[in-house]
Amino acid sequence: MDKPVNNRAWFLVLPVLVLVAFSAVIPLMTVVNYSVQDTFGNNQFFWNGLGWFQEVLESDRIHAALGRQLLFSAIILAIEIPLGIFIALNMPKRGFWASLVLVLMALPLLIPWNVVGTIWQVFGRVDIGLLGHTLAALGIDYNYVNDPVDAWATIIVMDVWHWTSLVALLCYAGLQSIPDAYYQAARIDQASRWGVFRYIELPKMSGVLLIAVLLRFMDSFMIYTEPFVVTGGGPGNATTFLSIDLVKMAIGQFDLGPAAAFSLIYFLVILLISWVFYTVMTAQRDRT
Amino acid sequence: MTLELRGVTKQVAGQDWIHPTDLVLAPGSMNVLLGPTLSGKTTLMRLMAGLDQPTTGQIHWQGQDVTGQRVQDRGVAMVYQQFINYPSMTVYDNIASPLRLQRVARAEIDRRVRETAAMMRLTPMLDRRPLELSGGQQQRTALARALVKGAGLVLLDEPLANLDYKLREELRAEIPRIFEASGAIFVYATTEPEEALLLGGHTATLWQGRVTQFGPTPQVYRRPQDAVTARVFSDPPMNFKPVQVSGGEAILDSARWLVDVPDGRYLAGFRAPHLTLEPGAGTLGLSARLDATEITGAETYLHLRHGDDRWVGLVPGVRDLSAGAALTVWLDPAHVYLFDEGGRLARAAPYAQAA
Amino acid sequence: MAQITFDNLAHSYLPAPKADADWALKPMSLTWRDGGAYALLGSSGCGKTTLLNIISGLLHPSRGRVLFGDRNVTDLSTAERNIAQVFQFPVVYDTMSVRENLAFPLKNRGMPADQIAARVDAVARMIGMTDTLDRRARGLTADAKQKISLGRGMVRQDVNAILFDEPLTVIDPQMKWELRTQLKALHREFGHTMIYVTHDQTEALTFADEVVVMSEGRVVQAGTPQSLFDAPAHTFVGYFIGSPGMNLLDAEIQGTTARIAGTTIPLAAPYAPPKGRVQIGIRPDAVRPASEGLPFRLIRTEDVGHHRILRGEVAGAPFNLVVPEDQPIPAAFDRVALDPARIGVFVDDWRIEPLERAA
């Protein structure tokens, strides 16, 4: 169905266009500007072409950070998506308990990132934290400050605690839209629980799942605040993810040129992977 | 107040949704758009309302070209198949809402709301909310909201389709009365031939985006211009059979009757109620096989097979016939239409010419 | 396959029903004959879907028992009851092909693949979808999807009953004819007990051997289409069956005459003097325009093709006549004559029988 064409409508969009220009396009162009120049301070810049890009792409340090980042996102998706679906399937469908569970599920999403980091930083401490202290009391050698595996475990558990709700709530919304008749028909067809999930619930959730995967991928791929607060990227470089490394480079070392090139590559990588996810998943959905 | 469509077409994604259409809807007339699902009824209505723009052609309202005009600026009201009301407002406020948007004076709003509510028999429900009403009352509220504006053009898109059969029957009997009281042009889309007949007025039959015929309802029913119109305007479906005409005589099986058309091949068509189980004066006997019978209490439907063709007959009374049996059905040639090989009407059923 | 019995069955959606209106289904005992074709007819909210869901086991009744043959199935699950059900709106498994959809109920019951294939082919032929068997169900029209739902309902041959919950709602009128004919043919061929819920009298009367009319959670009458039409047990049945419904007029009955607003008309048989609100009922097709009889005021004539409906009033009450297409209507008439043999007498809405049948 098409609508009457009225070009005056563009004026209504103008404020947003201006806002987007200021908030996204102009800063991005500034970064592009830095990425192709070199400076020795005093606001004097030299043309450096694609030199920084080459340096960043060949840097072992960045390759290592990228590897950690990919591993982290993969683990996060592998845990949070199935767990979120599982929780959504087991949430009460209606009534008082449904409302209560919804509120409880939404709580972690309302806490600011740095507070989440601080909570878990304290929670995991061996001397005063409930988790760390309990584990130590049970004789488990847990110390996220010294042990890379413990540090990873802490950050992953923290992210799962923080974000699985989002996946669960999205899936829950998808499930709520399935009419009762589908479940009744499945009972009459004697479908197994797996059959109901595979042929009714999963297809009806595919739309929201696509969104959940995209959001969780992008967010986890850009994670900064929580590991920064909890581990500061350590021990060693064990939890130095791309964004932490980027900040170190840009602010710690003040290497503006390489940092700008790094930012752009980072941005393109996220864009590329998100696009691949989107294409593969929509194709999958249309085929099924 | 006349609504005129001049050479209106609608294409969507390269497909013809509406073929070139000329229609003139007379002031204060009831117009039925009759056709199966996806035949273009809703598309045509949206064009009339101005919700969509025609690909080519113009729409004239009271002699003025309103083709590009916004819906809000046209005096149009529309009622949909789903009952659309504001759930949080009372019936009174629902009916008053279009008048409030037009900034009509409070006393005038009250007067018109009460008047419309009385016409729609909603007076006792004015303080209730739509969800506390039955489906029929909800749809009457939606109708009242459409009528209270005093719009010159009221479009009803299968407004009774979601109602129970009996409620549908009651509202259907009320709509002509409401229409007469309003003085507006009504356009009413339906898939059911019987509904078109009950509403009377004029009927446009639609088939695959084409208006096949437009005229007074009984005339379209009794004198369809072509086989397509006859099929659209028959429920149960019209029965068809190819016949050969030679020497002024039509031949069907062993039956022969006189017709005033040139020799050649024709398609004979006749409606279900015109098949009988008893011979009458001048009737033709046709042998068929009975597939099934359906009893409605007062009448019996016969599902027949004549060669490869499926026929339906409707006879009065309850008939106990066994399925699968061969039987002879009788047909008065006065009830038979002849269509030429292009599907155009070659000879109307003589009974219809007399009527 | 077995006979289905309701033993003092009742249902309420409330945990502690008190008032009469709290019961969606008022206490009833009823038997559904093995192999019968039934229609459950009533307006929306009368409890017909509740009743259907109790048979299929989707709903557990508040009171009473459901028996299949002699076996009490009240506490059995839907799957254990071996029932097929088709819903109002199409339910298809989007990600499966049409073939997989039809095979699903059989596969879940562990039928061998070759038997499944044979059954699916047979059902596909019945619903006319042989050509589309390998298409994915997603993206088909509502018509086609509902045909798949019907097909899935009929694919199992060993079911105790097939239940239909207004299955033709989304189907075009022309297609309704075809599908209904097929359902009847299937019933004849396989002899399953079929229960068909609808608010559409034409569908109910044409489908069923026996129609069960429900109103406000009660069964008001169960009988053949003909008996419902000729001798409705309740004014609701008279109103609900027939289009337009039965004409009802307040009357005083004295022996073999009825007095309506000052005019006396004959009855076919004598009645005992009734107590309560007395009405006579007559079908619109048993009335004809006349020069004597009840005073009638004509309001509107509707040409419905093979007959005409004359809408008007008798003594202030709505009153309709049905006149066949080929029968002329007098230019001006102000009286109507009623066929005495087809007048029914109702006291407080229930039909009463005459003292003796007139010969």
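Per-chain residue numbering starts at 1, and chain names A, B and C are given in the order in which the chains are listed.
Just so we're on the same page, contacts are C-beta pairs under 8 Å (C-beta built on N, C-alpha and C of every residue); 3 or more make two chains touch, one makes a residue touch a chain.
According to UniProt, the chain labels map to these proteins: A = ABC transporter permease; B, C = ABC transporter ATP-binding protein.
Being a predicted model, the structure only gives us computed values, none of them experimental.
In this assembly, the chain whose C-alpha centre lies farthest from chain C is A.
Of the two interfaces, B-C and A-C, the higher number of touching C-beta pairs belongs to B-C.
Chain A (ABC transporter permease) and chain C have CA centres that are 57 Å apart.
Each chain gets one centre point, the mean of its Cα atoms, and the points for chain B and chain C are 25 Å apart. Contact residues of chain C toward chain A (ABC transporter permease) in the complex are 53, 56, 58, 77-79, 83-85, 87-89, 91, 93-96, 104-105, 108-109, 136, 149, 152. For chain C in complex with chain B, the residues that touch the partner chain are 43-45, 172-174, 177, 180-181, 184-185, 188, 199-202, 205-207, 224-226, 228-230, 239-245, 283, 285, 300, 302-306, 309, 311, 325-326. Residues of chain B touching chain C in their complex: 36-37, 134-135, 164-167, 169, 173, 176-177, 191-194, 197-198, 200, 217-218, 221, 235-237, 271, 273-274, 291-292, 294-298, 301, 303, 312, 314, 318, 323, 351.
Chain A (ABC transporter permease) contributes residues 179, 181-182, 184-185, 187-192, 195, 199-200, 203-204, 288 to its touches with chain C in the complex.
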